[in-house]
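In what follows, chain A forms one complex with chain B and a second complex with chain C.
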Partner chain A sequence: MSLELRDIHKHFGPVRANDGINLTVEAGTMHGLLGENGAGKSTLMKVLSGFHAPDSGEIILDGKHIRASSPQDAIGHGIGMLHQDPLVFLPFSVIDNFLLQSPGGLRLDRRSARREFEEVCERFQFSLDPSASTRSLTVGERQQLEIARLLWLGARVLILDEPTTGISAPQRVKLFATLRALAEEGMSVIFVSHKLEEVEELCQRVTVMRQGKVVGHAEMPTPASQLVEMMFGAPVEVEAAQPIELGDPLLRVKDLSVEERLLSIEALSLDVRGGEVIGLAGLGGSGQNTFMRAVAGLVSPAGGEITLDGKQIAGLPYRDLLDVGIQYLPAGRLEEGLVQGLSITEHFVLSDPDTPFFVDWDAAAEHAARAVTANFIKGRADSNAEELSGGNMQRLLLAMLRPGLRLLMMEHPTRGLDIESANWVWSQLLSRREDGTAIIFASVDLDELLRYSNRILVFFSGRVISEVNASDTDVEELGFLIGGKVREQQ
Partner chain B sequence: MNELNTLIFTATPLVFAVVGETISEKAGVINLSMEGSLMLSAMAGFVIAFETNSLLLGFLAGAIVGMLVALLIAFSSIRLKLNQVAVGFVLFQLCVDLSTFLGNGHVRIAGPTVQAWSIPLLKDIPVIGPIFFEQNLLVYVSYLLVFGAWWYMFRTRPGLGLQGVGERPEAAHSRGIQVNRLRYIYTGLGGALIGIGGASYSLSVKIGWSFQHTRNLGWIALAIVIFGGWQPIRAAMGAYLFAGLLTAAQLLQEPLPDLAQVLPTIPFPLMILTLVVIYSDWLRRLTDRFPTLRAVFAGEPPTAIGTVFETD
Partner chain C sequence: MSWMRPLGRVLIPIVGAMAFAILLLLLAGANPFEALGLLVEGSVGSAANLSDTLTAWVTMVLAAAGLVVTFRAGLWNIGVEGQVIAGSIAAAFAARTIEGPVAVMIILTMLAGLIGGGLWGLLAGTLRVYGKVNEIFGGLGLTFVATSLTTYLIIGPWKKAGVASTGGTDPFPRDSWLPTIGTLRVSIVAVIVAALAVVAVYFMMRGTRFGLRLKAVGQNLRSAVLFGIPNKRYLLLAFIIGGALAGLAGTIRVTGFHHKLVPTPSGAHGYLGILIVLLAGFQAKWIAPIAFFFAAIAVGASQLPLQMEVDSSLGGILRGVLVLFVLLFGGWQARRAGARLVADAAPPVVPATPGGEG
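Our next item is the complex of A and B:
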């Protein structure tokens, strides 16, 4: 299927998300759509898949004009989209998700659907249990479910919006293999990403977007620096972390154990010094987050000791730990970190421990406006949290951190962020080391772990299976430590 | 035996109402006006049946009233982006007052009644026959409704779509479902069933009309929908359970006058207890281990209930 988009316009209120986009995708190729956060990539793909109706513009599929004014039309024309957060129904079983809105008669024939589902899964070596609850699936498995469904429905153009956000390294390898196989069968794959290395690895052609417009096309291979310049309008350099002198021992965790529904942590010990950066690696849900939550006081430990500056803190509530200088930023920036419906000003008022009973809103608004400027947040003091893009939410969260922190813990600090935002986030984090703040962060991005950590702990199934100095290892070894264990287990 | 027959009979209006509300809430629209729309449709059903001397027109009037109120809630949510709870609450009050005002001329008079009719052959089945099949046509329709609604929701393709619309409308939209259109349809249908429930109260169970004739029935029905975990069969069981407790209260009035006062209030703490169990970790662990139990015990509310869905 070859595909052409002509002069697509789409606005939301005053924002021109797509401003005259032209794009051509050849049959049987993998086409990358690059751009920083908020460049309009997702909107364009939602227009193509009929999710949003465009204000104007044409879509031409195999030389024929088509109308994709609803997702139904788009699916009918063989255009299927995998959304960034897979649009599955969590309480339903896998097979019901597979069947929802599939063509067919009145009666649901789950038995024969199961067979067909298993056939599709087998073709791509997905191992999904049709009767499992979708909620129990990882993000990567939910993606596999959606891909299987779209292919079963006869998709010939497959759009993937930031598909590698939130999936593990082995799942990514599998996803890429699947996409390559599909392109070889003559499908057109549109791969939307802000991650250069992934686009370099997969795509034959690339289109770069910036601020709602196409700024250029490139045939791969094209030097990364050139693509970065197209994305941001200027070259961006990734600074290496400058080593700093580590301070005194700060945090000591001894034989920590935590019991949760699906996972328990056993006998975990760790010593962290002031200014040290500890990276937590491992497949998603191997205990990294549980560990941080236990240290932050959000989960009560079943046993063991946690001391900060020699003081026993295990089992203290989060509020008390905030006061001694421990803070935790979860991956769910909007769900757990921010309050939907509250403005940036209100967030600052809420997070400031010294806010008096009667709030001085004028002063608060001024303070918020200054923070917005100082932290390069794209938004206004009266913007609501949910209006911000992922990168700007993270900027806001960092701006709200208390001064003089002893220990900062973060889950996926740069997930979903473009290079420029990610750099900014890390420059903020690293500058806190100077005051002796220690940082513990969990990430699935191996480069990030290697670039910024002093030490890396590799988690597997609630245990630390190895601890390495970041300077003594590389991507291959770390990938093996994370993935090698998995192979051994299977 | 006779009591069980009465129990089924008196629970029937409630069965219509809870199935109707379940359908509406499954699609994501909470019809909180139920206390009022039941009452108004009970009044309309009786008055129209009395004036036209036609039971069929009476039920039709009840269904239309229930549907109109429900569509008003759907419209104000979908089109006007108003809060479903607020609109439902205001409509409840409005309907109650309207029923008093419009029904004023028909208080405490005799009128048409749905006649008892036993099903040949089935009524001769020992034990079951006299309880379930010596009723009236309305009761038999309610049996079919409960199983039909269950079958539609969980065994058919459009039924799965209905669940999707109330669960995650943007995902339903991305699959090509016309979310808001379905919400109108199912809310209207659910409202019509609530209306039939109201009319069946004044034309079959407690015949006639009086001031606030169906008082509290709607609130109870709302609680039973939750008790039923948004599943028609379980909701109907909840309605029968409630009617059973009421019947028990009446029977115990003479021997135990003190206890009989308490029994009718039991359904309410029972609802709370059910919710505690439904959301407990204990049940979650159990259904994790035995997925087949999920069909019986799962009682999650539709996630998108009460929310507005916009495509842009």
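Our next item is the complex of A and C:
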């Protein structure tokens, strides 16, 4: 099924998210859509899949003009979108999620749906239990469920928005195999990403967007440097982490155990020295975040010792740990890090421990405006947090970090960020090491783990199954540690 | 103008609600303009009427000011009605048991009301924060408890000398009554207290770290934790402040209006406070005028059955319809916002930001 977008315009307030986009996707191809954060890729795909109505422009599918004013319309025309976070209802069973959008009357025919679901799963070798609870599925399995559902509903154009975020290496291999099989059957696949390697691996043709406009098309293979130049205008130098002299022992975790509903951590020990960077690897939800939250006092440990500079800190609430120099940045930037409805100025006031009872708003606004400039935040001091793009939210969060931190913990420091923002984030983080700040971060990006960590801990089911020096390992070995061990366990 | 949009947000629904009221009156066969004239006459037409309106205004303002605090903290403090009643009970207790000169009694009854309402709020807060009971249900339950407690006191321990009556307790000693001037019913003390409360809430929410942190807690509890805000303490404080102001309203209902404890001392002014803050968009600065409008309708409508064959429930219908119109208008505005922002976009509204293109 061939697809053509003609002169698509979409505004959000003063922001021209899509400014005259033209794009053609041939039947049976995999088409990459590249661009940095805020380039307008997601907006364009949401227009195509009926989530947003375009201000103007045409969508032509197999020579016919179509109008999709809702996702239901779009799937009726054969356009299905797999969102970055799969749109599944967690309390539902797999089969109920599968049936959610099914056409037809009041009666749900679970039995025949189940048969058809199993057929789709068999075709792509998905091993999903129809009666399992969706909550028990990994992100990768939720994606498989979504793909199965969209195909069953008759999708002939499949859009995937950053599909490899948060899924494991083996799941990624399977996803890519599925996509190749679909393209061979004549489906059009649109692959939205800012990960060059993935686009290089999968796509026959690539369209690059920048600031709401298409800046170019490329037939693959095209050298990565050329694609990067299209995305950013100029080649971006990847900064290598400079080795740094490690300081004194700073954090000592001994036999830490945490019990949560779905996961328990047992007898975890770790020593961290000043200026050291510890990467936490593993499948999502293997205990990396629980571990950091326990150290940060956000979940209470069931046992064990945590000391910072020799002082016992286990069991103290986060707000007390903030005062001794521990800070934690979550992955959900708007969900847990920032406050919707509050301006950048208000955020700086909130984050400043020395704010007096009566706030001097003029001074605060000035301070915020300076910080916005100094941290290259695309926004104004009076912009609300939710108006910022993901990369700018992360810049704001970093700008609000307290000075003189002892230990900084971060979930997915660069998730969803373009290369330029990601490099900026790491230059900020690494510069903190010079003050003796230790950094612990969780990531699923193996390159990031290898490039910036001193040591990497590999988590599996709440246990650290391996600890490696970043300089002694590589992507293959780390991938094996995360993926290979998992296969053994299954 | 920055003030025009919020003003329109209030005025347009008022006009809509008025139009609806006119329609109702026509259906009832009454002359709508005569009725509206009576409404105005009955609420602000004379010094006595205006004084009655202000009396109602005071308690509505106090309840609404407290609700700004709880709503801003993200709490649906539906239990405000019970907090008003708890304040009435506490003030009645003080008025009945303590003797002293007027000035002392004003302070003591108000203090009692603040404590009574604050405690009732704290109860709802404790249920919410530690018992995981949604504040809507906890508040409703506690309101029933407060109402039953009032009835029990009136027909039980505090019953009228001689025979128990659901009409209320014996009147309080004169020294516990809020002082008034001449024959007017409004007390200047009450008006000043209400005005001070609104101004205090306005500055607290706008100018203090406490207010900002409270807003952060209300908008996003999880983020607030990572900002180091002791969120439980803030939620409880919001309940206490909201409840205390409602309790103050309860005090003034019994010491400035009924002069005794009656079965429903609140006169539903707590519930009306909820409608007022909804109309005010949870902003303290709009409370005073909106509460005045509500009070005027309430007082003015009581004149209708006397002069015309129209039931005074018209006032209640008018208020209810007004709130529905406001909510409807808010929804409509939100739908339209997208379109309007696009129109605004033609000349760049946002100047070039420091980081480059926005």
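By definition in this document, the second predicted complex is superposed on the first by the 489 of 490 C-alpha atoms of A that agree within 3 Å, B and C clash if a C-alpha of one lies under 4 Å from a C-alpha of the other, contacts with A are read in each partner's own complex, and residues count from 1 in each chain.
The rule we apply is simple: a residue touches a chain if its C-beta (ideal position, glycine included) is under 8 Å from a C-beta of that chain, and two chains touch if they have at least 3 such contacts.
The structure displayed is predicted, hence computed values, not measured ones.
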First, second, both or neither for A:318, with chain B first and chain C second: second
Touching partner for A:351 - first (chain B), second (chain C), both, neither: second
Contacts of A:55 with chain B and chain C, given as first, second, both or neither: second
Between chain B and chain C, more extensive residue contact with chain A: C
Partner chain(s) touched by A:335 [first = chain B, second = chain C, both, neither]: second
Contacts of A:380 with chain B and chain C, given as first, second, both or neither: second
Partner chain in contact with A:301 - chain B first, chain C second, else both or neither: neither
Touched partner set for A:391, first chain B, second chain C, both or neither: neither
First, second, both or neither for A:140, with chain B first and chain C second: neither
Residues of chain A at both interfaces, chain B in one complex, chain C in the other: 12
List of chain A residues in touch with chain B within their complex: 12, 49-53, 70-73, 75, 81, 83, 87-92, 96, 99-102, 104-108, 131-133, 136, 261
Touch list for chain A against partner chain C, complex: 11-16, 55, 211, 298, 317-319, 322-323, 328-330, 332, 335-342, 346, 349-351, 353, 355-359, 361, 369, 372-373, 376-380, 392
Contact set on chain B toward chain A in their complex: 155-161, 163-164, 167-168, 170-178, 281, 284-285, 288, 291, 294, 298, 300, 303, 311-312
Sites on chain C touched by chain A in the complex: 207-210, 212-213, 215-216, 219-220, 222-230, 338, 341-342, 344-345, 348-350, 353-358
